[in-house]
Amino acid sequence: MSKRHDVKRYPGLNALNLAFFAYLYAPLAVVVAYSFNDNKIAGVWTHFSLKWYGSALNNPALMKALETSLIVAAVATVVATTIALMAALAIIRGRNVRYRRLSETIVNLPLLLPEIVLAVATLILFSLIGLQNGMVKLVIAHSAFCTPFAFLPIRARLQGMSLDFEEAATDLYASRWVTFRRVTLPLIFPGLFSGAMLAFLISMDDFITSNMLSSGGTTTLPVYIFSLIRAGTSPELNAIASLLILASLVLATTALLVAARGNRDRL
Amino acid sequence: MTDSAHHGPVTATAPRARAPGFWHNLAFWGLLPSWLLMGVALLLPILIIAAVSVATRGAYGGFEWGFDLSGYRQILFNEGWTGELEFTPQYLVIILRTLALAGVTTLICLAVAVPVAYHIACQPPRLKAALVYLITLPFWVSMILRVYAWMIILGRDGPLPRFLEFFGAHAGLSFMYNDGATLAAMVYTYMPLMVLPVFASIEKLDGTLIEAAHDLYGNRWVTLRRVILPLTAPGLISGAILVFVPSLGAVLEPSLMGGGKQMMMGSLIQLQFSGGRNWPFGAAIAMTLLVFVMIVLLLIARRATAKESTA
Amino acid sequence: MNQKAVEVIGVSKNFGSYQALKSISFDIRSNEFFTMLGPSGCGKTTLLRMLAGFESPDTGSILLNGREVVEIPPHKRRVNTVFQSYALFPHMTLEQNVAFGLENLGWQRSRIRSRVGEMLERVHMSQFATRKPAQLSGGQRQRVALARALAPEPEVLLLDEPLSALDLKLRQAMRDELRMLQRDTGITFVFVTHDQEEALDMSDRIAVLGGGEVQQIGTPTEIYEEPVNRFVADFVGETNFLPVEVLEAAGGMATVRTPFGQLIRVSAPAGVTKGAATLSVRPEKINLGDQAPATAFPAQVVNKNYMGGYTHYLLSANGTEFRASRRNASREGDTIPVGGTIAAGFAETSARVLLA
């Protein structure tokens, strides 16, 4: 032993951490393992089978829910990221901004308030003004609560970026628009990307608001899964869950790799 | 001695230095969309729900405008046939359960996150990055699936009952549909929210301070209690808020894990608004929940400003 | 009183494949101001951290007042450290910082209070007792760190480049203060620095470390005037390395032929043999013009740097360049033009043959 008394080491932490990571991944592993069970009763193992994946992929209701979720998430991500980018530019780069602090609080408000309260409040509003279109309702609500998730990474990136680059561009005869497009935007891209990814994820993941607002034709994926769970655990549900877990992990890894690449050539 | 300020207050009468118009407009037009969106989708609905909480219940669901505190009264009292009020603890129990489960979830997450985050912070950079990645990863998996995983684990024929049966427990065991099940799912779903801020603050901790504490005759326990914990307190507090606030509003965990009976405020609100139940009552519960969250946030904000003024 | 406060016996340490310390041995005497001097990466900080208990040697042993301490954790060693960054606890007041060690030692409350007061008084920080470290300047933090480390009356006080974060003026004042504090308390100070001037100024004895080995141990004068090898001569102070030929060497003296054609007898460390060798002559020991000794030779001025109190010359003779410096004792001191020729020479006692 080279470090006989490492003062930073506490006994038992290695074991605790191993247990912690096992705890983090074991539940997901269980779902995936159960999805390969041939038996109709998920908990009683008969033999290995991929048939539930087949039936999951041929489930039209599932595909419809997936489509709804993707459309809502895509639109909400674009809206939220655009609004967040504009707000971040105004708050960090704008001069003499009145109500700077208040504006920031307002943008972050969805993070602070319990989602269920916002969900029922929005439900009441939409029913008062008689808004019927399920898609529009979902997009408005999702855009609102996704905005702070897009805002925070963009803001952090912009804040950490020296004004020198933009001033250097201006000094080299770039107009404001050229400066924004060729200097500011590429430099904050990793923040923009993480923000958009987060917004997309939060929208795809949302249950509480979507459950309140969705009507017949606009069931999102989590709402559909909720109804399946309510109907009882089934091996097909496990297969669906496994596919979604796989998709999330791939998406997350891609996102983190892109973000890491963006940070690489930071000065 | 001449005092120039007495003679000509030149600077005061000069026109105020103005930033170039572009930036001025940028601030206005840049913030406008977010104000509009948040106004329509957030502030307005909150005002409306506050109004609905004091409205009258409609005859066929929904509500009618008015001023009626029966929504709030109903939280504690049941109105009898002749209009007399009878104390019913039914909803108070739900409120207390909500506070208790959110509190216990926060404490468990804190107790686990501190040693785990500390250990990760002590690792060499590459391993550290990998471990942080591994903690973030499950968080990307949909919340509903993470709760569902615990339904499988705890439910009948699930791995945990099977494991216990192997050691002699009777067959057909299930750990579902009680507060413990709800707690298990809440701890699991909110854990990353605690570990990440706690890790961030522990990582910033200057290692020589730990060495200095040992150098000055402090053992590991003294160092933890008097140096590590006080210095990482801000991270612990922000982690606690990040877990406690969403825990108060939890919906999925109680409705899936707790079954129909073991409700929390979130699932109670949801119930009142689905299928044309009692909207003013639901709104009153929602306002109560909002007040709880506001109290927590105000306490934190006061603490933060108090800290700033003493520093 | 020449007791040994610290004995380092055959200590070695590897970090991966890198040999930080290669079987080092030396003693530190009680009540002395001992300095470990060396460039970064020479192993001095590793050695200091071993004395404190934050690192353990791969082999060898360390004795504190005759007691083996390698197995003893830092919080049980009567040794305190002044950290390079001071490591004051930012959430505690100065009083609380100074009291921390005493509390852990289980002192009585009243005794702690009076000791804390005494220590803050000693470093002139009494009026700031209830402030927090963030409200202090660098020099003030330095003083508190000293008070905190000295309060428990350690057997040995370790100082890890404590002056490096201060500005130049403050550094000079702190040197005097540190030296006086050491004399007053009588505590053994082990000081680590890469600044040779600091080491020469403050120390009773200096260990010059380089490449994970002790190059030389001695008083400041010994280190400066009688460096044993090229590394020490080069690292401590400035010097000229002149290629010479040793004609005869015995009994600590050698006869050498300089590149300027002289035959001189100079001091030499044991181990110098006949053949090519290096002669070290410090620039200030080379006398110019009318101050030059009888053995002087003509040299051409290649360049000069006027420094106010001194002028540094780059000279050339017989195709060998060397440096000399001269104190400007009067206003007309600096009159030798670049390109001109001047007599240069040095006393035989000022030069030294080096190993390697």
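Labels A, B and C are assigned to the chains in the order they are written; within every chain, residues are numbered from 1.
Note that in this section contacts are C-beta pairs under 8 Å (C-beta built on N, C-alpha and C of every residue); 3 or more make two chains touch, one makes a residue touch a chain.
Predicted model, so just to flag it, every value in this text is computed and none were measured.
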Problem set entry | Chain located farthest away, centre of subunit B as origin (C-alpha) | C
Exercise. What chain pair shows the greatest number of contacts?
Worked result: A-B
For this session: Give, as an integer number of Å, the spacing between the C-alpha centres of subunit C and subunit A.
Result: 58
Seminar exercise, completed: Taking each chain's centre as the mean of its CA atoms, subunit A sits from subunit B at a distance in Å of 17
Exercise. Distance from the CA centroid of subunit B to that of subunit C, rounded to the nearest Å?
Worked result: 57
For this session: Hunt down the residues of subunit A that sit against at least two other chains at once, touch-wise.
Result: 7
Problem set entry | Per-residue multi-chain contacts in subunit C, two or more chains | 53-54, 73-75
Problem set entry | Multi-partner residues of subunit B (at least 2 other chains) | 211, 214
Seminar exercise, completed: subunit B residues touching subunit C in their complex are 206, 208-209, 211-219, 222, 226-227, 230-231, 311
Exercise. What does subunit A use to touch subunit B in their complex?
Worked result: 7-10, 13-14, 16-17, 20-21, 23-25, 27-28, 30-31, 34, 41-44, 79, 82-84, 86-87, 89-91, 93-99, 103, 106-107, 109-110, 112-118, 120-125, 127-128, 140-141, 143-144, 147, 176, 201, 204-205, 207-208, 211-212, 221-222, 225-226, 229, 233, 237-238, 241, 244-245, 248-249, 251-253, 256
Problem set entry | subunit A-touching residues of subunit B, taken from the complex the two chains share | 18-19, 22-24, 26-31, 33-35, 37-38, 40-46, 48-49, 52, 62, 112, 115-116, 118-120, 122, 131, 133-138, 140-146, 148-153, 155-159, 162, 188, 191, 207, 210-211, 214, 220, 223-224, 245-246, 248-249, 251-252, 256, 266, 269-270, 273-274, 279, 282-283, 286, 289-290, 293, 297
For this session: Using the touch rule from the top, collect the residues of subunit C that touch subunit B in their complex.
Result: 52-54, 73-76, 79-81, 83, 85, 87-91, 100-101, 104-105, 134, 148-149, 152
